[in-house]
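Each of the next two complexes has chain A plus one more chain, namely chain B in the first and chain C in the second.
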Partner chain A sequence: MADNTNTSLQFVRRELVAAQKPPSQEIGLLAWARKNLFGSIFDSVLTILALLTLLWILPGLIDWLFIDAIWRGTDRTFCATVAQGGIQPDGWSGACWAFVADKFQLYMFGSYPVDERWRPMLVFVIFAATLAPLLMPRVPYKVPNAIAALVVMPVISFFLLHGGVFGLSVVETSLWGGLLVTLIISYVGIVVSLPVGILLALGRRSEMGIIRMLCVAFIELIRGVPLITVLFLASFMLPLFLPPGTSIDKFLRAVIGVSMFASAYMAEVIRGGLQAIPKGQFEGADSLGLSYWQKMGLIVMPQAIKLVIPGIVNTFIGMFKDTSLVSIISMYDLLGIVRSSFADANWVSAVTPLTGLIFAGFVFWLFCFSMSRYSNFIERHLDTGHKR
Partner chain B sequence: MTMEEAELSARRPDRPVFYNDPFWRSLAYQLLTILVLAGAIVWMWTNTLENLKRANLSSGFGFLQSRAGFDLAQALIPYSSDSSYFRALEVGLLNTLAVAALGIVTTTILGLLIGIGRLSSNWLVRKLATVYVEAFRNIPLLVIIFFWYKGVLNALPNVRESIVMPFGMILNNRGFYFPAPIFGEGSILILVALAVGILAAFLWSRRAKAQQMATGKRPPVFWVNVALVLGLPILTFLVLGAPLTFDMPVAGKFNISGGNIVGPEFMSLYLALSFYTAAFIAEIVRAGIRGVAKGQTEAAYALGIQPGRTMRLVILPQALRIIIPPMTSQYLNLTKNSSLAVAIGYADLVAVGGTILNQTGRAIEVVAIWLLIYVSISLATSLFMNWFNRKMALVER
Partner chain C sequence: MKKTLLTVALAAAAGFGASAASADTLDNVKQKGFVQCGVNNGLAGFGSQDSAGNWAGLDVDFCKAVAAAVFGDATKVKYTPLSAKDRFPALQSGEVDLLARNTTWTISRDTQLGFNFRPINYYDGQGFMVKKSLGVKSALELSGAAVCVQTGTTTELNLADYFKSNKMEYKPVVFEKQEEVDAAYDAGRCDVYTTDQSGLYAIRLTLKQPDEHEILPEIISKEPLGPAVRQGDDKWFDIVSFTHYAMVTAEEFGITQANLDEMLKSENPDIKRFLGEEAESTIGKDLGLDNKWAYNVIKAVGNYGESFERNVGQGSPLKIARGLNNLWSKGGLQYAPPIR
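After this line comes the complex of A and B, so read on.
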């Protein structure tokens, strides 16, 4: 229809022009470095300083930790220089991982009898099996799962570890040690501190003057002093308070001290959540005729706890790290047992203490870091978009 | 209608029965709590008395006057094993305060640098700061203390192979030796000059501000103040003929004499506390700076304020409001964490108290002293910070 005679004069491009490359200064590694490492003179100076520091530290560190390290060995001669009575050349220094490998079982279970070690291992398995589904938001049946993990699991674990029932031989708590003790103390601390902390936080906001005062006094007293004094208090004064002749297990005393300490901190975290709930929620619950416990349990607490989950997990992380303090009241948690193993004459050398401490620090780091990552994840997951 | 209302009001009692009345109910609950608590206390009290009697222990604070009989490695005030327990506790408290004060200064500087580093536009600096924070936040303080004490400071050479540093400082596995200043006659005048300088700087700042308000021109403040605060004392020092000598540490064959010494216990505790707390302070600083709305920066730039001044006059004053409360609790944490000194034998309040406890068996008294002192420190700090916070808080119309 259109006249095709002057087609040659028309120009309609039928296909897109290929995109041009961005200017070469804007792409690639070089541009990235220019933007992120050498943006200004000051940045360049900083980058060079940081690189120099890394060059100064990293090679020596990697050498010490991995390359010069001793991975296999049976006693101290492997990790000592000739001058120190070992086989390494003079001037050698490196991590003695052979020491950690040799002590690994001890670090995990303490002096728990070797034949009975299947029991703590079984506890680890039950622990993982009940906790993992609880932590995954998608898995259903949260309430029975929570009861299993927070109530049933601790009871079963106690009987499994301590024995004395079903024909299991009794293993005294003084034989427990290592990571096992660290995990038990922090787990009990978590299980106890959450409900007690909620009650204390409610008490602190209660309208009953005396109960409020008592809760404030407890919280502020505990938060005002270092954990180590609370542990001393639990280990030296608890026995005095009980009727003469009754003895209270050292392990139990440490657990009580840690739980008291964690509860006070937990109470403050939860109070923060309670304060963030608008007044209308309380009034709405009242106007529906709900009782106090219904109001708190069904309306206020679910919202408050959701708000402060990061704070709660931070308290857990803090408590997990703080359990290392029980080694000061001569208990053999992970740090305590690592320290006591330095004295082993079979392994004593210049590098074993540092190696052991690095191992202990790494284990603690692994647990705490995963907890904080999990906290980040759950925070994003629970974010219902009400945040400003 | 009216019939129903009348019926209803007839059925409704004027007041609920007493056991449904909130007033009586709460009174009953509180009374019950008091009764239970009082019962528990009486029970524990009688048990304690009985236990003490069986163990042949007396109670009371009289023992504080008796001879301590143990030595302390580091004492800021004169102390010997003949001093009383009370004196020993004083030494411990001063040592706690010393390590806490030094630690707070160091950790603030370190935390500030790392916190700003985490917001840097420089990728490498940002990553390094992140690695630092994630590493130190997730390791127990006690492990870090032992790391310094057992790992690093134990690796220092012995006395004969001491590391000699400039200005007569010496480092070996017994500690860190540095020259002790001895002030000659008239040194008090230097202090007076310092006080005068600070006062003058303060007055000059006020005048400068008034002038800026009146005329819009800002007279030089910073350099004048530096000259006043630092210059005046230095001038006095020189005029007096430099009345300052140093007691230099001298390396002998088996020991080092003279100078001041800081033991490895103090150093490892101080370094560990500073490094550990700095990770938390860095996070607080970062959150504080990021908590100031971006519009503030942009508005300041739109007004033509330079970046440095924007930071100082617009961002920081607002960030400080967010930063101060959590920073206080970190300072308190550092002070309380200094009690871990007991693990490496630095004679702080808890370590000294622990020794006394072991010697005398006075658990109740010693724990009571600890609680009293730490709670007082906490309360005093909170009161001060609440006051400061109110002063800094946004004045809203």
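After this line comes the complex of A and C, so read on.
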């Protein structure tokens, strides 16, 4: 018993067997495909259908977008067939990237004077430089950074873009356009709507009657009217009611309209988060003797906002895309300026509108997708055990 | 119903407009230092932006001409690009001083909406484009066709009238944006495309197979396109009207941008008077402008023929023939009252 070595057992393994590779049918691409793509007959049918669809669409798409596309050119003849008065063989069709390249500056800055375009470019740089570190959780100095990005940056940007100080010439907002306008409106909308939305949501749940009524009235009024109507009224009807001579900048009106809209929607998203916080959290905070603002700021809001990050980002993305509605009041955001550029007689051709719209769609997608990925990252970063 | 409401709203707006938008547009414009001009948000040849963001087109030239007449400087103009639907509220509310946006002069726009029209800077007419494969040779054979049309335009109304008066059926396929109509027609969602003939030629260029489409001979409407101003400001109305007539008169006299300064030395009393070289003439002053106003207009944009050829005629990709827009002496309709 005491000496194991003299046991009568025939075989005792004294060292671990070297780990073997799993059976060849269980690993590699083939096994993965069998498990995920051909797991059942139904799966197999779907996979084959999907593959056939891809085979049917992709080659044509790639041809059109890249291979048959025109990358260089100076006018419409490069993107038109002989029958249309151009140089391409009849029956040709492909993307006209030369058109987008020629219009690129217009798409970025609108009618902003050519000599002054370093100003919006500088604004883009400042924008990236203040926002990027703010979005990275590891970078320290969050409070000064936030002040720089949310307060200082907008003010500097405004004076840079509008001019009229430090010897900069005045560039009126009616000349701003393209991606510049899209970004300004959505950035202001995002920066304004989150805090205002939080206040509105708290107000709606407040026990003070007047505040509650005001908040409910604001939210329901704004949510009950289409954005396009508010923009239209602000732009064409407001001047009729104001005394002659007073004018509020149209751009400012649009920014305020969009921000109010986003705030109302944001308020409801945040309220959704507040509803999800158990009553015990409120009572616990009260029992610690915290004031109302301490309770909300330290206990309730951090939990509520974390819960509704997808909803918040959803609102941001929706708003980013809604900015294209400002073209109804003759302000040209990215989509508006892309569309109006189709009318340039130098570039009229069958493929320019499609190419321009694909470009606009791609830029919108780029921004919305980044926002979406970033929100995923933040959700994972803040994850404290609610994961399902 | 919707239409009635819109009309009432616009009529109400027009009522306000008279009081809200300052009655003396010229003083207002001079005080601001620029003309705010409503233009098309994208129509090749009439109003569009080039790659540097500069506006160009026949209507844009007209805006520049008015700025040149008022200030002697064609750059003192700002553009408000407007869609077909937004153009009237924009003029009524005083958002723009002048609407030069290929707008058809009709009696209801003149009376009900409270605008004034006089000069016509482009005589157009509504036509039809069809696929050749349909074998249609006349618009009267279009019964039962699906017709693509842009909403909010006189085109839509003329179309309904034309089919009704000829006791034909049709299915309207309506869009708000022109490129949507273009795409729908090219994709075969309708058999017929109707809009002003000037537009049809430009649109045909953009189709996949221009050869397979033809423009039918019928013109079913008169579309006199011209600048519009608010009613009740005759001084401004005169300036806008005579800016166009000055461009036409210059063409009649053979004055071009190039030979303008030589023409100053002309002995012809009409030309001298026109260019402000006649000492005792008060034409410019009576308009509330400088005596060199016509000189400034031609210096800035050239005569009517030059502007036409540059924007929509042989000097442009559209290559539209002068046709009705030629001078009256050459078989067209462009006719200017004497400037004396």
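In this section, the second predicted complex is superposed on the first by the 324 of 388 C-alpha atoms of A that agree within 3 Å, B and C clash if a C-alpha of one lies under 4 Å from a C-alpha of the other, contacts with A are read in each partner's own complex, and residues count from 1 in each chain.
Note that a residue touches a chain if its C-beta (ideal position, glycine included) is under 8 Å from a C-beta of that chain, and two chains touch if they have at least 3 such contacts.
On a predicted model such as this, the values are computed, not experimentally measured, just so you know.
Undergrad: Using the superposition on chain A, decide if chain B and chain C clash or fit.
TA: Chain B and chain C clash in the superposed model.
Undergrad: Considering only touches as defined above, state whether A:343 meets chain B (first), chain C (second), both or neither.
TA: After superposition on chain A, A:343 lies in contact with chain C alone.
Undergrad: Regarding the shared-chain residue A:131, is it in contact with chain B (first), chain C (second), both, or neither?
TA: Touch status of A:131: no partner.
Undergrad: Is A:361 contacted by the first partner chain B, the second partner chain C, both or neither?
TA: Touch status of A:361: first partner only.
Undergrad: Which partner chains sit in contact with A:335 here, chain B, chain C, both or neither? Use first/second/both/neither.
TA: The answer is first: A:335 touches chain B but not chain C.
Undergrad: Quick check for you: in the superposed arrangement, does A:51 touch first (chain B), second (chain C), both or neither?
TA: It touches chain B, and chain C stays clear.
Undergrad: Should A:324 be classified as contacting the first partner (chain B), the second (chain C), both, or neither?
TA: Touch partner of A:324: chain B, not chain C.
Undergrad: A:106 in the overlay: touching chain B, chain C, both, or neither? Say first, second, both or neither.
TA: second
Undergrad: Applying the touch criterion given at the start, work out whether A:31 contacts chain B, chain C, both or neither, answering first, second, both or neither.
TA: The answer is neither, since A:31 touches no partner chain.
Undergrad: Contact-wise, after the overlay, does A:84 reach chain B, chain C, both or neither (first, second, both, neither)?
TA: Touch partner of A:84: chain C, not chain B.
Undergrad: Does any part of chain A touch chain B in one structure and chain C in the other, and if so which residues?
TA: Looking at chain A, the two contact sets intersect at 232, 236-237, 239-242, 244, 327-328, 339, 342, 350, 353.
Undergrad: Can you list the residues on chain A that touch chain B in the complex?
TA: Residues in contact with chain B: 36-37, 39, 43, 46-47, 50-51, 54, 207-211, 214, 220-221, 223-229, 232-233, 236-237, 239-244, 317, 321-322, 324-325, 327-328, 335, 339, 342, 350, 353-354, 357-358, 360-361, 364-365, 368-369, 372.
Undergrad: Could you list, by residue number, the parts of chain A that touch chain C in their complex?
TA: It is residues 76, 80, 83-85, 93, 102-103, 105-106, 109-112, 114, 172, 174-175, 177, 232, 235-237, 239-242, 244-245, 327-330, 332, 337, 339-346, 348-350, 352-353 of chain A that touch chain C.
Undergrad: Which bits of chain C are touching chain A when the two form their complex?
TA: These residues of chain C touch chain A: 13, 16-17, 20-22, 40-45, 47-54, 78, 80-83, 86, 89-90, 92-95, 177, 179, 182-183, 186, 202, 205-211, 311, 316-318.
Undergrad: Inside the complex, what are the residues of chain B that reach chain A?
TA: 26, 29-30, 33-34, 37, 44, 47-48, 50-52, 54, 120-125, 128, 134-135, 137-144, 146-147, 150-151, 154-155, 336-337, 339-340, 342-343, 350, 354, 357, 363-364, 367, 370-371, 374-375, 377-379
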